[in-house]
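Letters A, B, C, D, E and F mark the chains in the order given here, with residues in each chain numbered from 1 onward.
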């Protein structure tokens, strides 16, 4: 759960595109295969990118 | 795509849990239903949370 | 796989929103992290909610 | 969001399998392609199945 | 990651449908429950189908 | 739905990794944002890659 601020909303007939600016540092958990960890040689301290398809992101208000 | 640093890696037999610290501010796009935008009354400037299941997050190195 | 009846269909240019009424009791399996089970203290008999993003739901006819 | 009761919990090293019994009737929304609606000829009143991969289901307590 | 060629693009207001022809043989990895492997009796050499919801597919150019 | 043959199965306590060899040419549909189509300039005939997280792939037998 990443806190942010809405930067843009664009609605179509069924779906809408919401752009959210994440400001505060936060921890995200990724569950990937053990094979990927080995293939990419992922270790503590590595610089990585978290890739998330926009259709997978839910939006809530607290 | 959010840039971060690996804070922890914990592997099982098949899957692994990778914790990533997101440091820099970044924009994330959420594709949700038009109905949700209306139900939650999402507008530019609103404080929101982006909710992402950990199994949906991919990890890459650049 | 949950059996249901279509309550509404609303199509846009590319996507469509299908509302399905689930009537019969059924079992759903959730695969979550061991950490979440511990953080939420999930035990047999607990009342919980299963949260599913609408974009993740496929529809079939038997 | 479907309300239910935990029927089983089985944890591995990283992931856990949680079986949830959904009891009350409820509405679930599926976002599918307009093409699928046409191919399957989905109309109000049709008997359908909602297919959800177990890794997509999140669990919460209220 | 499956290599292919774009066969069709159809855009709406927010989303787009991209049809990709996969030509070369390739390996795809599926992470499913151990229970499903047992229920379906999945063994090396079996003919199977990989089922992927279209909203889960990302598209890239190399 | 891509037809293939199981090349490997590796089970842990909860999850299993199933490797599937896709042999026949096939069409896969990707639902992405209109923005991505424009940013990547996706047109009919383009060589692209379909990227699918392994946790999103379901396996069936016909």
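Throughout what follows, contacts are C-beta pairs under 8 Å (C-beta built on N, C-alpha and C of every residue); 3 or more make two chains touch, one makes a residue touch a chain.
Quantities reported herein were computed from a predicted structural model and do not represent experimental measurements.
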{"item": "Angle, in degrees to the nearest 5, of the Cα rotation that carries subunit C onto subunit E", "value": "120"}
{"item": "Interface residue identity across copies subunit B, subunit D - same or different by half", "value": "different"}
{"item": "Matching chain pair for A-E (criterion: over half of the contact pairs shared, by residue number), options A-B, A-D or C-E", "value": "C-E"}
{"item": "Computed distance of Cα centres, subunit F from subunit D, in Å", "value": "21"}
{"item": "Averaged-CA centre spacing for the pair subunit D and subunit C, given as whole angstrom", "value": "2"}
{"item": "Subunit D residues counted as touching two or more neighbouring chains", "value": "11-17, 29, 31, 33, 35, 53-56, 58"}
{"item": "Chain contact graph, described as a line, ring, star, complete graph or other shape", "value": "complete"}
{"item": "Subunit D-touching residues of subunit B, taken from the complex the two chains share", "value": "10-17, 33, 35, 53, 55"}
{"item": "Residue numbers on subunit D that touch subunit E, as the complex places them", "value": "17, 31, 33, 35, 54-55"}
{"item": "Subunit A residues within the subunit C interface of the complex", "value": "12-15, 29, 31, 55-56, 58"}
{"item": "Touch list for subunit C against partner subunit D, complex", "value": "1-9, 11-23, 25-34, 36-37, 40, 42-62"}
{"item": "Complex interface listing, subunit E residues touching subunit B", "value": "14-15, 31"}
